[in-house]
Amino acid sequence: MTTTVGVGMVGHAFMGRAHSQAWRSVGPFFGPPLTPVMTALAGRSAERAGAAAASLGWASVETDWKELLRRDDVQIVDICTPGDTHAEIAVAALDAGKHVLCEKPLGNTVAEAEAMAAAAERARARGVRSMIGFNYRRVPAVTLARTLVDEGRIGTVRHIRAQYLQDWLADPRAPFTWRLDRDRAGSGALGDIASHIVDTAQFITGQSLVGVSALLDTFVLERPLPGGGGTARVTVDDAALFIARTDGGALATFEATRFATGRKNALRIEVSGSSGALAFDLESLNELWFHDARDGAAESGFRRIIVTEPVHPYAGRWWPPGHILGYEHTFTHQIADLLAAIAGGTDPSPSFADGLQVQRVLAAVAASAAAKRWVDVEGSE
Amino acid sequence: MTTTVGVGMVGHAFMGRAHSQAWRSVGPFFGPPLTPVMTALAGRSAERAGAAAASLGWASVETDWKELLRRDDVQIVDICTPGDTHAEIAVAALDAGKHVLCEKPLGNTVAEAEAMAAAAERARARGVRSMIGFNYRRVPAVTLARTLVDEGRIGTVRHIRAQYLQDWLADPRAPFTWRLDRDRAGSGALGDIASHIVDTAQFITGQSLVGVSALLDTFVLERPLPGGGGTARVTVDDAALFIARTDGGALATFEATRFATGRKNALRIEVSGSSGALAFDLESLNELWFHDARDGAAESGFRRIIVTEPVHPYAGRWWPPGHILGYEHTFTHQIADLLAAIAGGTDPSPSFADGLQVQRVLAAVAASAAAKRWVDVEGSE
Amino acid sequence: MTTTVGVGMVGHAFMGRAHSQAWRSVGPFFGPPLTPVMTALAGRSAERAGAAAASLGWASVETDWKELLRRDDVQIVDICTPGDTHAEIAVAALDAGKHVLCEKPLGNTVAEAEAMAAAAERARARGVRSMIGFNYRRVPAVTLARTLVDEGRIGTVRHIRAQYLQDWLADPRAPFTWRLDRDRAGSGALGDIASHIVDTAQFITGQSLVGVSALLDTFVLERPLPGGGGTARVTVDDAALFIARTDGGALATFEATRFATGRKNALRIEVSGSSGALAFDLESLNELWFHDARDGAAESGFRRIIVTEPVHPYAGRWWPPGHILGYEHTFTHQIADLLAAIAGGTDPSPSFADGLQVQRVLAAVAASAAAKRWVDVEGSE
Amino acid sequence: MTTTVGVGMVGHAFMGRAHSQAWRSVGPFFGPPLTPVMTALAGRSAERAGAAAASLGWASVETDWKELLRRDDVQIVDICTPGDTHAEIAVAALDAGKHVLCEKPLGNTVAEAEAMAAAAERARARGVRSMIGFNYRRVPAVTLARTLVDEGRIGTVRHIRAQYLQDWLADPRAPFTWRLDRDRAGSGALGDIASHIVDTAQFITGQSLVGVSALLDTFVLERPLPGGGGTARVTVDDAALFIARTDGGALATFEATRFATGRKNALRIEVSGSSGALAFDLESLNELWFHDARDGAAESGFRRIIVTEPVHPYAGRWWPPGHILGYEHTFTHQIADLLAAIAGGTDPSPSFADGLQVQRVLAAVAASAAAKRWVDVEGSE
């Protein structure tokens, strides 16, 4: 007989919708040891939060997220708000003894992230778990990539080439949003999407970036306000480019941009090793390309592995081979792993410490772009 | 204020799981005019049906599907059982005034399908709706393909080349299942997957097959029983190939097989028109390839359209551009359209009559393979 | 020290240009045991043949191909004229003791092809060699495909799916040419391009077609004469489709058309075996896709082999890995193999007998399309 | 009536073979205004040069390249030797009044390149022409890309992402060659292949790099000598990575490496503009991917243009549509353009000045990698 666990979610925009679908789906497909109950949704507007709760399947509503921490029927707090609010909510929730799942980036600054990682460490001592939502680790193809690297199937990692390409700002007439405001978003492409490729690259290779040289730029400085009535100043980066070294001696290129016309959500990563290579593109989420140099010169080539077999990570829980999965499934996988960790009394991964380390890489990128020189990542040696 | 509609589902295997996810997801993402309530699940074993209902989210269980027809809190019957049971359940449900969604193939024989189509016609006169589950019509890329053909974007259709390639029987040691037993399944690749490419080809082009010349074959005649203990005789086709003409003067090739090593679920269709062409592969289900000859010789090429934009069919209900959808979403789209039709008092599509026409094509294929000659499709002129 | 061999070529249109480039290139890249000398070019118009000879590098000109047979400095006759002239020239040349390379199709009828195969057999007894120009056998990827099948790498062949897709007639306004006149061309897509996929499929699999069921059709019956001034009647097929069985128990689909909008020269072939599969597209002629089921479910996928390694067929003679080859190289490979066979006193492949067998398949296709029933290929049992 | 022009080539290794095939092919396919005569081949060893001349079709041999400058029957000197010899030969040839085609890189240092550009400028005043062999500009797809950018089809260029990926050093046991010796080669991946992507990127966009931040590294420091007997020290870079800005405000990433396992000759470039984008991969040399944002959200996607139509650059000179070209054709195009320029009394492109500018970019890359900071490209403002 399984026991249940109450969940309280903060925020109900894009990420809130994605997380809700995952909370709803994890039971039927993963049969987790703890059955999640969608207990409460927190949002500032009672009206909008109420409508969202009704649509998304949450049993009650709070207009102050702090109420979630006081509720005995909430054991997990799921933070889906913009980055500037993460630190306050997460620290309070952990200190209140709630397990926390927090969307990325961990915080908007290294200081925030440090406070959060410290809170996670304190909570951990009391058996309270925390996880940062780098959901792309749970794309089956990405998990498989990590496994192949772990098993030595590509040998020593030499190169990482990572891109996160979107195009929703390519048109100068695209309207202003909170994501272009430094106060709310912290940064632009850097925190929003470069964070994903940094985490994915480090996850797949098992290596950490130790130094970077970077460029940040904003192509369009003023954008029309939605609904007309003037323009607003863009205060974040449109694009972030950097080259890097890892602690394993690999060389890496990174590019994150919202100006890559025709690329909608192309998180692309290729890893070259001494005896093999891997390539992935989020726009073809079910595919992993694997080159095994041991196949021999006459027969080797990048294999298009369709990662939907029962032996593949997560895939056997869903449909027969070749029946493809989508974006939202990554969140279900994330929650399945979180619930298993909570039930098993282990720490889920990625941790807040992992999130802090990514934040430090992003800070080094920003510092390098400003100083026009190589900058080491804090905490790496 | 929306009203609710009670749903009773029969069967809880592969299709039952897929439909359950769709009933669960249609509310949050489509906000349908009728809110479905997952009222009852019917299955012969109380134990297994009970476990399935608990896992999949159905509120009650019936061990006899006929009970669903007697319940006032069930207005829709969703049939997810093997093909040999479709006719009896569907006819009874329609005659009982329940709206019916029936998985494909409509029946295992033309006679069954005729009875079902007749029942649907009777029910229709009383405002009772019916729909056959050719879910691939609701892949956004397939719906878009139909729209482009409708709008004349590829001109006169000249060629259809359609394949449904799987490989789960390629290994002679793959075990026997009910799908290889003519009494249960009716046919093999023909009814299971050729039916899908016939429907998809006719849907996209708006044309019907009028005659065929076919080959059916069974490569492996005996297979081990699962769990050991001898073998069973395969009484259905492993592969079905045919060439065909349409009522619009196009020529078509079709191949459906479970022996296409390395192809997992490759429903591939290419349509060549006098001024354009379209290509689709279910293994890359978010992509439609479109060649527009009017682009001019210097610049024309097959465009890889990622069918995830707000302007694309269904896509705007889910995630931002480039965030890909999977197999199961097609079922949600199907139910969204069914609910809209019921609420709007219109007939959903594809109808049982459409299912009957596909059944007649499959019968012509079987007859042609047996007679080794061209056979016209019944009802076409 | 190598000896030389004199070559006389008949015809100087498209095929003549391709063969000339091959005669010119075979020396530097293949260092053949016999060095070819481009001795004489035969063409009916002295003026046009003279200009062609000057441009293409032929040392002399004949306005009657029969003169080539009388010249002592010509040992090889290379026939690059339309199909209706092949039989007369080839039989005369062989009987005159000249080695013959003849473009495909062997003849325009089975009777012509039989006469040619008989002449080849007579000549063979005297050490005179003959070869039919199915040049696509010499695409390195195609040769590699054959090797992999030969070595058992895909197991028992189950399926062949072959297409030759072009689009130069898709526009109804495309002008009339001799290729649309049955008297000159013999047939349309059938002899011109279906012949290639029949040969390629049989070559790769090592199996022969034993029976077919076919459709032939002509979409556009009248076309404008080039230069204006009325129209001419199209008397050949625009498209040829057929399904077939092989002597090895495989099932095959074939489609050859000039109406596949957006496909320029897409000779595509996929072969499914019990333990692997191969796929090829002439528009990407340096690539062979190979699926090895023995890679295991977790890691198998179609490998994109770039067939330019030194270990690959022919490739080592040209450039370093990854430096791609083009269409014309196939002709150089063909001639290199022909010269090696002549020098070695062995029979080159494909033989005129191979060409005759393909002709019989095409005849069966035409007969099946006319009779609307299955037709066995003559000579197969 | 065309006149002839005598050619003397220096060097007969890889590049010499490629150039010879081009000199041989340009006549039949391009009918140039000047007919080249393959007059003399210079190589230090009489024996090896003699064998090469016989195989490659050169009429005579010189063991001292300076003899070519004295011959009246040589009007063009084609330099195919390693980079450390370019400056001396090219300057002497130009000063002797010979037109010069020089392989890339122009020289091994900026100083050499400056001397060569100065010599070219002097010669130009006397009607003597010079050209550097960045042959990839003459890939039809690359030329088409440039045309599309020129015509404004992708709007303002925002991003360049360029890679040149090879893998022939990925295996630590791959043997030492002169290309790994700084004295002969000048640099490693930087001069050999990064030079190509710098030139191609600048050519396509019409913009110049103005500053860079770079990483150079050598993964394997000792390699076995070919034939055994110890090892030699690698004194050049295995990989070169840099980010850059252009004078048009675009941001760029560059990676050149010989350690990208599974990538054989993957010169890949993608250019994102405000209203379109282009992508190219040399391993698929006949294809250009073009995204036109003006196609509209519902229908836009990267188009796979097969660049073999008569309207495409160079393509109409060769074969019908869809009959693909290879690596070596780029050299024929280069020579066709060179001969047209000489005959027309205009300057061919790319010039030695262009080669010098690329050399300055490479020097900035090396300086940046050494100093670990941003470095401006000399001569840009």
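Read from first to last, the chains carry the letters A, B, C and D; within each, the first residue is number 1.
Heads up, the rule we're going with is that a contact is a pair of C-beta atoms (placed from the backbone, for glycine too) under 8 Å apart; a residue touches a chain by one contact, two chains touch by 3 or more.
As the structure is a computational prediction, the values presented were derived from the model and not from experiment.
Among the remaining chains, A is positioned farthest from subunit C, on the basis of C-alpha centroids. Counting C-beta pairs in contact across C-D and across B-C gives the higher total for B-C.
Centroid to centroid, with C-alpha atoms defining each point, subunit A and subunit C lie 54 Å apart. The distance from the centre of subunit C to the centre of subunit D, with each centre set as the mean of the Cα atoms, comes to 35 Å. Inter-chain spacing, taken between the CA centroids of subunit B and subunit C, is 41 Å. Counting partners per residue, subunit C has 263, 300-302, 306 as the residues that reach two or more other chains. Residues 144, 148, 288-290, 292, 295, 297-306, 309-312 of subunit A are the ones touching subunit C in the complex. Taken in their complex, subunit B has these residues touching subunit C: 154, 158-159, 161, 163, 165, 167, 170-172, 213-215, 217, 219, 239, 241-243, 245, 249, 251-253, 255, 257, 259-263, 270, 272-277, 291, 293, 300-302, 372-374. Within the complex formed with subunit B, the subunit A residues making contact are 14, 17-18, 20-21, 24-25, 27-28, 31, 55-57, 166, 168, 263-266, 282-286, 306, 308, 318-329.
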